[in-house]
Amino acid sequence: MSRKYRVGILGATGTVGQRFIQLLEGHPQFEVTALAASERSTGKTYREACAWRLAGEMPESVASLAVGAPAPPLDCELVFSSLPGGIARVSEEAFARAGYAVISNSSAFRMDEDVPLLIPEVNHGHLSLLDAQRKQRNFDKGFIVTNPNCSTIMLALALAPLDARFGIESVVATTMQALSGAGYPGVASLDIIDNVLPYIAGEEEKIESETRKILGQMVGTQIEHAPFKVSAQCYRVNVSDGHMAAVRVKLARTAKPDEVREAFASFTALPQELQLHTAPARPIVVRDEADRPQPRLDRDNGSGMSVTVGRIAPDGVLDYRFVALSHNTIRGAAGAAILNAELLIATGRL
Amino acid sequence: MSRKYRVGILGATGTVGQRFIQLLEGHPQFEVTALAASERSTGKTYREACAWRLAGEMPESVASLAVGAPAPPLDCELVFSSLPGGIARVSEEAFARAGYAVISNSSAFRMDEDVPLLIPEVNHGHLSLLDAQRKQRNFDKGFIVTNPNCSTIMLALALAPLDARFGIESVVATTMQALSGAGYPGVASLDIIDNVLPYIAGEEEKIESETRKILGQMVGTQIEHAPFKVSAQCYRVNVSDGHMAAVRVKLARTAKPDEVREAFASFTALPQELQLHTAPARPIVVRDEADRPQPRLDRDNGSGMSVTVGRIAPDGVLDYRFVALSHNTIRGAAGAAILNAELLIATGRL
Amino acid sequence: MSRKYRVGILGATGTVGQRFIQLLEGHPQFEVTALAASERSTGKTYREACAWRLAGEMPESVASLAVGAPAPPLDCELVFSSLPGGIARVSEEAFARAGYAVISNSSAFRMDEDVPLLIPEVNHGHLSLLDAQRKQRNFDKGFIVTNPNCSTIMLALALAPLDARFGIESVVATTMQALSGAGYPGVASLDIIDNVLPYIAGEEEKIESETRKILGQMVGTQIEHAPFKVSAQCYRVNVSDGHMAAVRVKLARTAKPDEVREAFASFTALPQELQLHTAPARPIVVRDEADRPQPRLDRDNGSGMSVTVGRIAPDGVLDYRFVALSHNTIRGAAGAAILNAELLIATGRL
Amino acid sequence: MSRKYRVGILGATGTVGQRFIQLLEGHPQFEVTALAASERSTGKTYREACAWRLAGEMPESVASLAVGAPAPPLDCELVFSSLPGGIARVSEEAFARAGYAVISNSSAFRMDEDVPLLIPEVNHGHLSLLDAQRKQRNFDKGFIVTNPNCSTIMLALALAPLDARFGIESVVATTMQALSGAGYPGVASLDIIDNVLPYIAGEEEKIESETRKILGQMVGTQIEHAPFKVSAQCYRVNVSDGHMAAVRVKLARTAKPDEVREAFASFTALPQELQLHTAPARPIVVRDEADRPQPRLDRDNGSGMSVTVGRIAPDGVLDYRFVALSHNTIRGAAGAAILNAELLIATGRL
């Protein structure tokens, strides 16, 4: 931690972009020196370009920064990206080719074979893909590391200790997702008042495919996706922040309820060992009350970086059921990317 | 329909009791002549005893009725009951023993072996239990017929055509339930604003057991519960009316997606054939849009008596997935009981 | 009612446009024969162009109509308009000039001196402006009649009997307005969850000026605006439909509380006398309970055409205070325009 | 700050009681050593007795404390009370008589002539009432100090600089109040979903009377209530925390808009000068954006102790209008009482 990295935010005015700025304020390893967003914002200061929607005020340190276009060069060493899918594919590759480390929350490259889909507690070994990535894409010192979809992170992190301890044979997840996951303006208030929406475009497919990549194994220089099946149904509910998932799992080996609980509660991994700045002390917080976790009460556990698990019980159709909850714009987006960057520094890749 | 039956409402001041009164207003076969509720209300007129919470005004026809105790005699021939579980067990049996037909929405007797748990479109054959019931309980002309839990009705009705056509091997249901399901005052607003509650006392067990009884077969004079497994996880969401369920099913026989859709859409049964007053033209309404059903838009389909099904698709873990929605205090409670009574009349049991 | 008028809807796909179509379905005097909307929709059928957001299904009678541009000619005799302000000014004048009666919910012409800002119960005498309008604008048989802003209608209708009976010296109104007033997509869900917005663009000015025009007197061929002052503060609250206003009034003459109540409760006017189809039996419904009116319970009073008034009491600073509530897209928009058209027919102007 | 005072919480399990405990955790001057609540809780540990409803976990420091009855003796020097009105009158007087300083958030004694109704920034001079109080009530070293109703604090604090600078002639306030103001379980979710409630029992009267006491002057040993009139209408809206008020004021002297703004923005008082621990740097935060303050974005300003004022503008009926917002369980309740206690220490009365 001897020096601060100069970072740029791509998509700086959006919901996740604002979270990046909020979480990086006062961060010991990063200093925001560049901001980029869509054409509508370029040429303005951040204060002019951005309608700040988080509680509290826009940090003074970024308010007077000029917003540039999401294309190199930018005055920074690495970029955090939350660009929309379409533009992300072009912009992020351009930054990587120009020598920047690209730490992306976008979906653009997540499923590319040579791109790590990283959750530091779960699959840091996948970072070895970066060598192949550089070679194949003719990157010099730049590279792209992605984090999963906001719901997938929560699910995969919760499944990781079960997979390690008992093996997983199938997963059935039903999500109840927060409004902030749709960005801003996102969901119209008239669509969600006194209502639930049974559809989030692309979400079910992302959870079903990303989870298997994350929990896959490196075989040689490639990831072999996990062999189990995942079924996801996704719902939007009237909650500001905090995605929830009702999960059932079929395990490869028999497990007693207290062993399952213990697998969650005792889970700890490399980020905790390395004491990464953004890593929560407990990646998974277990609550034993009948009515927890709840989005409003539990989304900020571990400063928004813990997944809270509750209602662990045997299931009549699969083997176990439980509820998982995490903060979708912290552990599920900006915080995830920042933790990824911290791991890259700690392991000498940055 | 040559005459009107004189009916009493047990639990008349509650959420479901008010629905009974609203739905019976102007009903061609029933006239509300008696009201009963807990001690707090007895001796008052209904206008004094009841804080009317449905849109529109309390029907004048009941406003000046006196509220009595939930014990026979009451000035009526049959009673609709939405008493709470504890008191229901005593009160309903007393009414049946005193010669009244008891059409109950309470959970008290649902799982008793000699009590029909009736959905007229699904298991009217179970009414043959009434003979055994009378004999065992020494009822003379009275009897008890129950309707299922509000979520179970929706689930069992949606499963019925699949079970008939393809056979069911297992069911995984995750519910998102409305506030009115908890009665009044029910859920505290501070508990549900910007939140989801992952727990509804007793609900998961009810769905798991009741569904199998409803879809069971009469074998001799007893019901053999359906042999498949049901897994239910239940959530409370910030919706006034309209329970929703994310459902996966494993079928006994292979089925193509359009066959599954067709099984839902073409489903019709005895109540439709008999043109019962409260029976919807279509017990199951299929919506093909990606984002339907939704509680606010679809709960009133079929005047609140249809179950709306959407998002029918193959599932990676079980065989099919879909979403079901219905109005929890109409098809899920008061309307269900009224339809039960209509069937009893039409089949000569009343 | 010997014949049906053929009507066109300008702005047919919007929130108010959909209400027009819903309310005109089965109307004895009008038949929707033409639809117009912005460029994005023209050339499509209504089914294709419009995401129907009201409960129930889009009426079959309009689903296959083609959506045209909001410019004459259209296959109809009169047009109901809910076009946005900018385009309305050009489009509505073009229709009037081309001979169509224009019944507008838009704000474009409301404050023009020669345009009636009509509430049939309040100021039908203002229709005499139409002669001057035709002359000044060189309209042949076409003309423009507008209805007020959704909050103003409620306020002016509630003030009318007080003004007639006691005279008004000043009005202080604080509104709590529903989401549907902002159209679709309108207010972002992230802006309103667990929140109140203290600002609605242009709303306070509209209420303050329109109210005085409506309650003004015809002096010769012009309206002399009412001489009292109006102070409006406007808030957006998390309610789907139903605007509410906390009102204080200073009266010109002393009045006892029961006289004020009686002035509201006994109020009736020309539309009731003429038994216009859309006119509610009681323009103002008085509720005496301490906690009424409430949007969810009272917005549909009089099929959405009544203003409900409650909590009438002396006020320590002005003379009286009360709460008014009405359905903002029925009495406050589409229903208001339809009632205007009914009055024009009944008085021989159509 | 050389020592820590040992404090007891009366009403420790309620909404405000939990806030007391949250805000006192880590407080430099107070240590919670005793808890009291109603009979239902006595004899249990706090962990057993209290369903903790704030985000985060119950502080370990209080979890194992035993909950006692709200009657002396308690193991503490002073008590913070948020008992309900009825029991508060008996309990608080008993504690004061037994020698405890009673810092009360209850309404029981607020309007008693010899009891300070204290906002440290506004009327610390009213503490001189304590001498008369002791004498009249035969208190030895105990006494009772109250803080105002949650809405009144916000209003009176916002009015204070206007009154000091320009004089106030009348006040019209319309409040939109948060759910937590009703305690727990408080408002039923079915009453507030898609709704606004136009009634809060006793609230309008409290605001109208308390405001005039707070802004009154000590004349000899008594408070002469402020001579201006206050009109309050109170509404409950679907917001968790954060009361809002739409305010109009008539001033005694003419003021320009920038002078009014300046009066708010520059306001500072004794608690700021004394740098009391809980005193916000700015008692009143002025926001100049058209759409601020908003409950969700501004309730935590000044750690919940600032009143945020916005939309300052001339008013057509009175002289000025503005919007005020503050956190109802922090500045409006627990934080207010704690600040009162800090002032009592700093001024040598404790």
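Each chain gets a letter, A, B, C and D, in the order it is written, and its residues are counted from 1.
In this text, a residue touches a chain if its C-beta (ideal position, glycine included) is under 8 Å from a C-beta of that chain, and two chains touch if they have at least 3 such contacts.
Just so it is clear, the structure is predicted and the values come from calculations on it, not from any experiment.
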{"item": "Centroid comparison with chain D (C-alpha atoms), farthest chain", "value": "B"}
{"item": "A-B against B-C, pair bridged by the larger set of C-beta contacts", "value": "A-B"}
{"item": "Inter-centroid spacing, chain C versus chain B (mean Cα positions, whole Å)", "value": "41"}
{"item": "Chain centre separation (chain A, chain C; CA means) in Å", "value": "48"}
{"item": "Per-residue multi-chain contacts in chain B, two or more chains", "value": "53, 193-194, 238-240, 296-297"}
{"item": "Residue numbers on chain C that touch chain B, as the complex places them", "value": "53, 55-56, 193-194, 240, 296-297, 300"}
{"item": "Residues on chain B engaged by chain D in the complex (per definition of touch)", "value": "15, 53, 179-180, 184-194, 238-240"}
{"item": "Touch list for chain B against partner chain A, complex", "value": "170-172, 174, 176, 193-199, 201, 208, 229-231, 233, 235, 237-240, 244, 246, 248, 290-297, 310-311, 315-318, 321, 323"}
